[in-house]
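To start, the structure itself, in structure tokens.
By written order: A, B, C and D. Residues from 1 in each chain.
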Amino acid sequence: MKTVIIGVIGADVHAVGNKILDYCLTNAGFKVINIGVLSQQEDFINAAIETNADAILVSSLYGHGELDCRGFKDKCVEAGLGDVLLYVGGNIVIGKQKWKEVKKRFLEMGFDRVYPPGTSPDDAISALKKDLK
Amino acid sequence: MELKNKRISEEEFLKMREEVLSSWTTGKDIDIDEAIEYLKKLPDHKNFAKKLYKAKDLDRVLIQPRAGVALVDQHIKLLKYLEKIGRADFLPTTVDSYTRQNRYEEAEIGIRESIRTGKSMLNGFPVVNHGVNSCRRVAESINVPLQARHGTPDARLLTEIIHAAGWTSNEGGGISYNIPYAKNVPLETTIKNWQYCDRLVGYYEERGISLNREPFGPLTGTLVPPCISNTVAIIETLLAAEQGVKNITVGYGQLGNIVQDVAAIRALREQAEYYLNAYGYEDVYVSTVFHQWMGGFPKDETEAFGLISMGATTAALAGATKMITKTTHESIGIPTMQANAKGLKASKEVVMLLRGQKYATGIKIRKEIEQIKTEVDQILDKVLEVGHGDLAVGTVEAFKAGIIDIPFAPSQFNAGKILTARDKSGAVRILEFGNIPFTQEVKDFHYNMLKKRAEKENREVDFNMTIDDVYSISDKKNIIDLENEWWKNENN
Amino acid sequence: MELKNKRISEEEFLKMREEVLSSWTTGKDIDIDEAIEYLKKLPDHKNFAKKLYKAKDLDRVLIQPRAGVALVDQHIKLLKYLEKIGRADFLPTTVDSYTRQNRYEEAEIGIRESIRTGKSMLNGFPVVNHGVNSCRRVAESINVPLQARHGTPDARLLTEIIHAAGWTSNEGGGISYNIPYAKNVPLETTIKNWQYCDRLVGYYEERGISLNREPFGPLTGTLVPPCISNTVAIIETLLAAEQGVKNITVGYGQLGNIVQDVAAIRALREQAEYYLNAYGYEDVYVSTVFHQWMGGFPKDETEAFGLISMGATTAALAGATKMITKTTHESIGIPTMQANAKGLKASKEVVMLLRGQKYATGIKIRKEIEQIKTEVDQILDKVLEVGHGDLAVGTVEAFKAGIIDIPFAPSQFNAGKILTARDKSGAVRILEFGNIPFTQEVKDFHYNMLKKRAEKENREVDFNMTIDDVYSISDKKNIIDLENEWWKNENN
Amino acid sequence: MKTVIIGVIGADVHAVGNKILDYCLTNAGFKVINIGVLSQQEDFINAAIETNADAILVSSLYGHGELDCRGFKDKCVEAGLGDVLLYVGGNIVIGKQKWKEVKKRFLEMGFDRVYPPGTSPDDAISALKKDLK
């Protein structure tokens, strides 16, 4: 059973998608460690270390994603989590922006996969299954 | 200090003020006596409380958007646009999320980054960092009343700043700006914080300044049944009235079934007034606000227009005093000012078309009103019981015990046991009650309504219904599939 | 041949047919026996009558746009787009105005010019010029039922062509496709023409082919009171039933007051069924169609979305079987296919949201239904009286005498004495009755409703109200001015 | 008192605007000869000759305006009405087109003034008053 950390980063309190992701990932056979909303980069990293996680799924809905995610990959690498999968999804930037450019920015920040608004949990699940094979 | 639903004495209040004002550098700019003089000079049409009061004789719903960006001049540009092109009756300032968490240093970074990148890197306007003078500049640049909208568990300094700046309304409350907006903040704390905010309003009221207060009705915006959101709104109304608030707008977020939505708004106003009277607050003016659908929005912008306009129709039929509008960018991100104005325009068109029209109060509406009122009474009775007669204490205890329980809330101080789903005609009913103290009769009512849907769709009444309904407005794939099946079925 | 509401004998009918089919070259391509075989092979989901019948158990309103361009391939492209992107439940072919006036030579020029300029120079699809085979190609390219929509006083050849081509519904009627669509054509003529069209449907029905017929409800689309449009729809229903039509959709155009609109649709269905039964036509299936606002539209596209969605909400609450959608280009010109699909999408979103919801039938709705029914009865009684018992003759005489009178109609055979305006809540009432044979009680009702508005707005009940109301949906300048005055008035 | 001919050209039956224009122009002090809907070029010309009209206001709402108005000015000139003012208004072309181009086309066809959809009767009145001074 693969272990995934989920949580909502920064000062973000959007809880609905997080609860739904928890339910769906668990149903799909993952061991889900849900650190919930208002989680800092350190919270994700600590949870990943503690549980020897295979993937970290960062949610950011409220628009500050770009500020909140800065340097996250570096911190992961520092903490020895360089090989842990790193996904991000939600409404990760402020406003309606060209998705191609947004995606590029987040890929450059070191995320392995970047998801646009309204991504279905099924997409996350199939990607995880593929990447964690 | 012990939590109690009791007006804070002036002495105590002034002592707390000092601490509040020193919590960030901009606090020291506030001179309340000067502020009172400033507010006295505001014309009536820029006073939220007065405009709402006068609106009771207008035959349409007033409209207000959400809007806020990081920098003062951009924010002014945005508001002016929404006033002129969107023809908003009220304007907001939506506050960014760092400020909401009192993380002013991060807000400062957001401001700097916004200047550097030339675009707003904050999801709202950082009121506290900008301070009184900048906030006055905002209010002075427009011709309609201005309100702060946020989601701040500790909004004491923010409240001081906005009122001193001539913003004549403040959204929020000790419950509604905690449970949906925080994870670890105890209710005791936020109720006290908001008693302070309300007490400040009372302080101004005593000095002849009318200000409006608006509990945040929709909570998590996601399948919250009317009995829960109305209960919270009424509690916050009573707590505010105790601190001397005189002009309150109780709110409710559209659920989608027109009869339920109309009934909820009417029950809310009637019951808020009833409880205010019963508690001896006889000079409080109550108005209502209807929020267009607050949950996940359809991605397609044209579909969003349909949803927005249908919400506006409901608000008009309900006879709400004002309505908060959404935009076609809702599912994606903070709207451009053009998209924002379009949400206003479509909504305004609808309320103009429906001037003078309300949903006729027949038996169906009356039954739904009675249903909601009964449920609210049952919850409130229990709240008072566990509070040994004190509403503030009772609220804390009630959340602890799950007597009040808000679906999908992030707070650890919320039980999170309740589950809701839609019945056959889209009204939100409860399928898992947790510890909500309903009689068997009420529980049966909810169960039967859900049962009928389950039979129609040939499924169980269970959590899968809830999940489906989280998406049922934003994404109709499931519903369309069901319908396609129906057409194919030769037997009907 | 003398005008009479009597089924045309088969012999006579076949004789007339020869003449009709020879009126333009494409007529000779029709072989009715082959057509019957062709229609028999149509699957149920492409049959208008059958899909409407099945829809009675669906819990939402079906949607249909208007659409038509000059050339076959472009028209097919348009319809496919509206089916796929607009998710239309039914598709139309709107016919160009030359064809409507039987000016096929001019239509031919329009076709040529369209080919030459590469854009449609006709405001619709010239059915007759294109002929049966091309029309079949159109119907075969889509997966939902197809209907001809036009406004043709003499649509006999057109009707022959479309039904032979597998188009399973035809809009129109001897009154509704004359008075709003012609100036000099006597009613006798058009009633006879449409008896022919209906008789053709009856001919097919006798041979096991279900076809749908739809009287055109909204007439001039401009402040037509429900009693008038419902009367016309019921007369055309009875005339059609006499010729053997078995599946009829009665129509109504939104006026803007939701109670009146809901009541009008319900009264229409109930009364159509009642009269059908009373006249002994017991096996006719009646459905209803709600037209989104048919008068002048707002120029602003966002406002148009508001109006469209509010109309869709009304249709859903009324429980109409289907709805004809408008577009945000309405006030400017024939919509692009994108704009057309958006009108559909916004409307579809609303009817999906409102699945299973109808306006609760309280006392207000019931009263308005009774009002409309009483008025229709009073008019219909008189129609029969002046027709000495014959509905067709009575109709002609009734128009002559102004017993039926349609506001703003171009026909010289319409009295044009009636004037209408909106009451305080936007319902359309009559201020000048001409010769409409109402009792004093009914007249007083209308007058009092208008009086209340006049008092509120401090003005007279007169023609200026009518003029203002011609613009009150498309342009709210007047209303906004009134409101601005209201806000300034210190006394309220 | 100036005499104006109004009517709706071609196979067009849109009667509402025509009736309103009649009312408003009459109210504004013009002698209005209203030939109604479904009027042909000849009908306008005959009415203008008979009444010695000062202006002809052509309405076209239904979209065939461009086809219906072809050669109208030439016919007017032939009939000795070269000096009679010629306005056109309504929804004079099919669909939403660039107004500047539409206007240009109709001016080239010989119309003195060309009006876009939704023109208020007041605009027609003030233009007439100016042009007929």
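Basically, a contact is a pair of C-beta atoms (placed from the backbone, for glycine too) under 8 Å apart; a residue touches a chain by one contact, two chains touch by 3 or more.
These figures come from a predicted structure and were not determined experimentally.
The chains in contact with subunit A as well as with subunit D do not exist; no chain meets both.
When every chain is reduced to the mean of its CA atoms, the largest separation from subunit C belongs to A.
Computed from the mean C-alpha positions, the centre of subunit B lies at a distance of 43 Å from the centre of subunit C. Look at where the CA atoms of subunit B average out and do the same for subunit D: the two points lie 55 Å apart.
Inter-chain centre distance (subunit A to subunit B, centres taken as mean C-alpha positions): 29 Å. Contacts with at least two other chains are made by no residue of subunit D. Looking at subunit C, one finds that none of its residues touch two or more other chains.
By the definition of touch given earlier, these chain pairs are in contact: A-B, B-C, C-D. Within the complex formed with subunit C, the residues of subunit B that make contact are 45, 54, 57-58, 256-259, 298, 300, 302-303, 305-310, 312-313, 317, 342, 345-350, 352-357, 360-365, 424-426, 473, 476, 479-480, 483, 486-487, 492. The touching residues of subunit B, counted against subunit A in their complex, run 96-98, 100-101, 103, 106, 109-110, 113, 119-123, 151, 180-184, 220, 222, 295-296, 299, 329, 331-336, 339, 408-410, 463, 467, 470, 474-475. Chain contact summary for the complex, subunit A toward subunit B: residues 10-13, 15-16, 19-20, 23, 36-38, 62-64, 66-67, 91, 93-97, 117-118.
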